[in-house]
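In the two complexes below, chain A is the common chain; its partner is chain B in one and chain C in the other.
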Partner chain A sequence: MRHTISILVENKSGVFTRIGGLFSARGFNLDGISVGPTEDNSVSRLTIVTHGNDKIIEQVNKQLNKLIEVIKVIDLTLEDHVERELALIKVSCNSETRSEIMQIVNIFRANIVDISARTLTIEVTGIVDKVQALINLLRHFGIREVARTGAIALKREYERT
Partner chain B sequence: MSKIIGAQAIINSLINEGVDVIFGIPGGTVIPLFDVIYDTPEIKFILCRHEQGAVHMADGYARTTGKAGVVIVTSGPGATNTVTGILNAYMDSIPMVIFTGQVALPQIGNDSFQEADTVGITRPITKHNYLVTDANDLPRIVKEAFHITSTGRPGPVLIDIPFDIQRLEIDYECPKNISIRGYNPKYEGHPQQIERVANVITKSKRPVIYSGGGVILSNASEELRELVRKSQIPVTSTLLGLGAFPETDTLSLGMLGMHGTWYSNKAVQECDLLICIGARFDNRITGNVQKFSPNSIKIHIDIDPTNIGKVVETKYPIVGDIKRVLKKLIPKVSKLDTKSWLKTIYGWKMEHPLKYEHNDVIKPQYVIEKIYEFTKGDAIISTSVGQHQMWVAQYYKFTKPRTLLSSGGLGTMGYGFPAAIGAAVGNPDKVVFSISGDGSFQMNLQELATAVRSGLNVKVCIMNNGYLGMVRQWQDLFYNKRYSGVELKDCNPDFVKLAESYGAVGLRAENTSDVDEVLKKAMEINNIPVLIDFKIEEEENVYPMIPAGRSMDEIMDR
Partner chain C sequence: MRHTISILVENKSGVFTRIGGLFSARGFNLDGISVGPTEDNSVSRLTIVTHGNDKIIEQVNKQLNKLIEVIKVIDLTLEDHVERELALIKVSCNSETRSEIMQIVNIFRANIVDISARTLTIEVTGIVDKVQALINLLRHFGIREVARTGAIALKREYERT
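Presenting the complex of A and B:
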């Protein structure tokens, strides 16, 4: 099963390598990884997407927790959470296909962020499946380049009424 | 607060941590540190002949004293030479702090002379490591390192110190407290879980305790004994756990696993409750996991949560410090009626004891029994890796914790002799036996110089079979006796002369009748290392044996 794990770590050099190294050394799957600052300067947040059976995922969580510079590990899969990925997709176009592509972009609530005579660069945000669906639809126009951020996620909070 | 240089700050911190001995070898990037050591009579420096030796010495020191070992080496090759020793300590959860020199900060990344990415290389083999980039961090980092290495599940911590950092002046103040927000080992077992476990134990009919190195690391040997005394549950031990429970006790089943006793493996196979304390279901213990102890409920007490459920599904885990958990568990457990179970086990013991054929040619098992007799179980015994290691585990009766030094997790040939030196440094009042193979000894024999120079009471017993014996045994049993790349006898050195050339005493035993005599002689010599070359039966095999990945059904015995 696919798991999205959010990891708060000390904002120090080398932490990223420690985590990457852990995944390769133990043979855990690493389907996505993204890192960025948080509201606290001394803390970074890594979001990792992995998959495996319950036993493996338990090990992933425990092994991450064991790292001294890991402050907190939250397996968001077990909680209600919001997850997003951003992708930039450069797709080939010509005067005939341009409007068709723009229609697809509209349906996906994506944006065109760069345009040239032969290409369109599209920015899309959403859950990983949505990003993938758009890429799949654009494929037959000829995709030149794709850059994806990998998923980031936060736990959902509910307003108590 | 006083202004001192970084190197002085490190040594001051070591003194504050109670360090009294450092093992190592100097080099260009640690000269400032050695310059401070020159003026530090509180700390003894043991000059080794190879950095691997230094790390194993620190390891032997730590295993026998319970205090973290300390190593200082230079950058580049000095640091890379420590790698095997560090991984060895990591696999066996041994506390130690390794200081490596590093090229000066501005030179890092330039492929400078003797530069190595030491933190990169050692990241997966240390509990934690640091590259110091600000001299002001030194007091905190050293304090953290000693805290991390010896708390929770112990393990080596490495500090990489650029040359210029050692010479910069800082305001030194020893930090009183430390807080590492990502590091909070759990010591107290869950009270309700302990309650539950006590109930399960009380209800069991055929329980076995499977005890490991964690019991020794947690200093919980007394508690284990009390639990057993009270409950009358038989105990089997891993290699690293030997000594936690006295093997002279009738409830001891000796070692389990690949070369464990027939009856301990049988008992584990037939038990209805397996109580694993401070061990981790290593594959040398379980063999085929699917067939391992198939009908038992498992209890697992360990300080490291990652150990739990990693190999074997555990119904009742308790995460915590073994000593504290057992202390809480003991009053809740009452005496079990294990009489008929013990009777069955004693039957197995009678039917399938450890055995070997006595002969004129020296049998290694006989030598180990004799060493036990001569030392009355009171010595510290180290082994290297191979057949001799297993014979020590089988035939020496360990009765006290911290008296066996052996490379369990990594199986590092060459571990035993330097580890024995470290143990002798830390225990000047004890006799230390380094029982080694002829192959293993040659992997760190240069440390004879270190042992002689320090006038240590180390007795090196070489079980000289002229082979890389354990590999030869596998080729004998599973590869049609096609002995490939295992012969040493065609070019072994004269070990007696070798010892003498270093200024140690060299003795030799060629027949069974010599064994008593040489051991007696060796015991009479003090403060000079003694080496005994035992010419043992060349093709003796270790039995029983459960072939790798198999189960108790396929155990091979004489």
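Presenting the complex of A and C:
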């Protein structure tokens, strides 16, 4: 099963190595990793997307909680959450295919962020499946390069009644 | 100086640990890390944002190139490139502040992706400075949670004349 795990850590050198080590020691393939600052400068948030046996992921969660730099581990898979990914896609184009690509870009509410005579670079944000669907659609024009962030996620809020 | 380094690696378990180890052994603080798939399933792209002495970063680049799983290292800082980051920001609101927050969201061309009586969750894409500017503006409403992807980047294309 696919898991999205959000980890708040103290922003110290070496912490990513230790967390990466925890996953690789168990042979986990990380589908995506995102690390960025939070509202507190001393704290970073890691979002890890991985897939595997639920029991083993539960063990990894426990191991993560034992690391001294780890403040909080949330397996968002178990909660209702908002998840988003960002991708930059550089696709080949010419004067004939450009308008067709631009139509696809509009349908996906994506943006063109760089243009040359032979390429378009597209920025798209959405759930992982949407980003993948756009990449699949653009494939036959010739994809030159792709950079994807891996997903980030936050828990949805509910009204307390 | 701030550096944005794009690294193409074979998608094997353990590779992120080794790359993280390279940086942490030199006491580098990684400001952001993004890992995602590329157009080739066996290859992942890491984008690392770091700051530090140019000479030491050059050394890290050389060390990275020696890792067997590393296919290509590009220090995009030295080239004209498109760079983007994605953030999810959960901010406190009430019936009085909601419309003011929505105005700010519109000005930044950001989107509201979750709403409750007391919170709004905002999705924003842009260069790192834009994302930071929005976070700074929203701070006095009360930021509850932030998730940021770290930057991703692709080289700009030029016409060959």
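Note that in this section the second predicted complex is superposed on the first by the 158 of 161 C-alpha atoms of A that agree within 3 Å, B and C clash if a C-alpha of one lies under 4 Å from a C-alpha of the other, contacts with A are read in each partner's own complex, and residues count from 1 in each chain.
In this text, a residue touches a chain if its C-beta (ideal position, glycine included) is under 8 Å from a C-beta of that chain, and two chains touch if they have at least 3 such contacts.
Just so we're clear, the structure is a prediction, and the values are computed from it rather than from any experiment.
*Asks:* After lining up the shared chain so the two structures overlap, which partner does A:Glu58 touch, if you call chain B first and chain C second: first, second, both or neither?
*Replies:* The first partner, chain B, only.
*Asks:* With both complexes superposed on chain A, which partner does A:Lys90 reach: first (chain B), second (chain C), both or neither?
*Replies:* second
*Asks:* Just checking: does A:Glu10 make contact with chain B only, chain C only, both, or neither of them? Give me first, second, both or neither.
*Replies:* first
*Asks:* Tell me which partner A:Glu69 touches in the superposition: chain B (first), chain C (second), both or neither.
*Replies:* It touches chain B, and chain C stays clear.
*Asks:* Looking at chain A, does chain C or chain B touch more of its residues?
*Replies:* Touching more residues of chain A than the other partner does is C.
*Asks:* Touch check for A:Gly21: first (chain B), second (chain C), both, or neither?
*Replies:* So A:Gly21 meets both chain B and chain C here.
*Asks:* Take the contacts of chain A with chain B and those with chain C, and give the residues found in both.
*Replies:* In chain A, positions 14, 17, 21 sit in both the chain B and chain C interfaces.
*Asks:* So in the complex, the part of chain B that touches chain A is made up of which residues?
*Replies:* 119-120, 123-124, 127-128, 131, 148, 180-183, 304-306, 309-310
*Asks:* So in the complex, which bits of chain C are touching chain A?
*Replies:* Result: residues 6, 11, 13-14, 16-17, 20-21, 23-24, 27-39, 45, 47, 82, 84-88, 90, 113-114, 116-119, 121, 123, 125, 135, 139, 143, 145-150, 152-159 of chain C touch chain A.
*Asks:* Using the touch rule from the top, collect the residues of chain A that touch chain B in their complex.
*Replies:* Of all residues in chain A, those touching chain B are 9-10, 14, 17-18, 21-22, 25, 55, 58-59, 62-63, 65-72.
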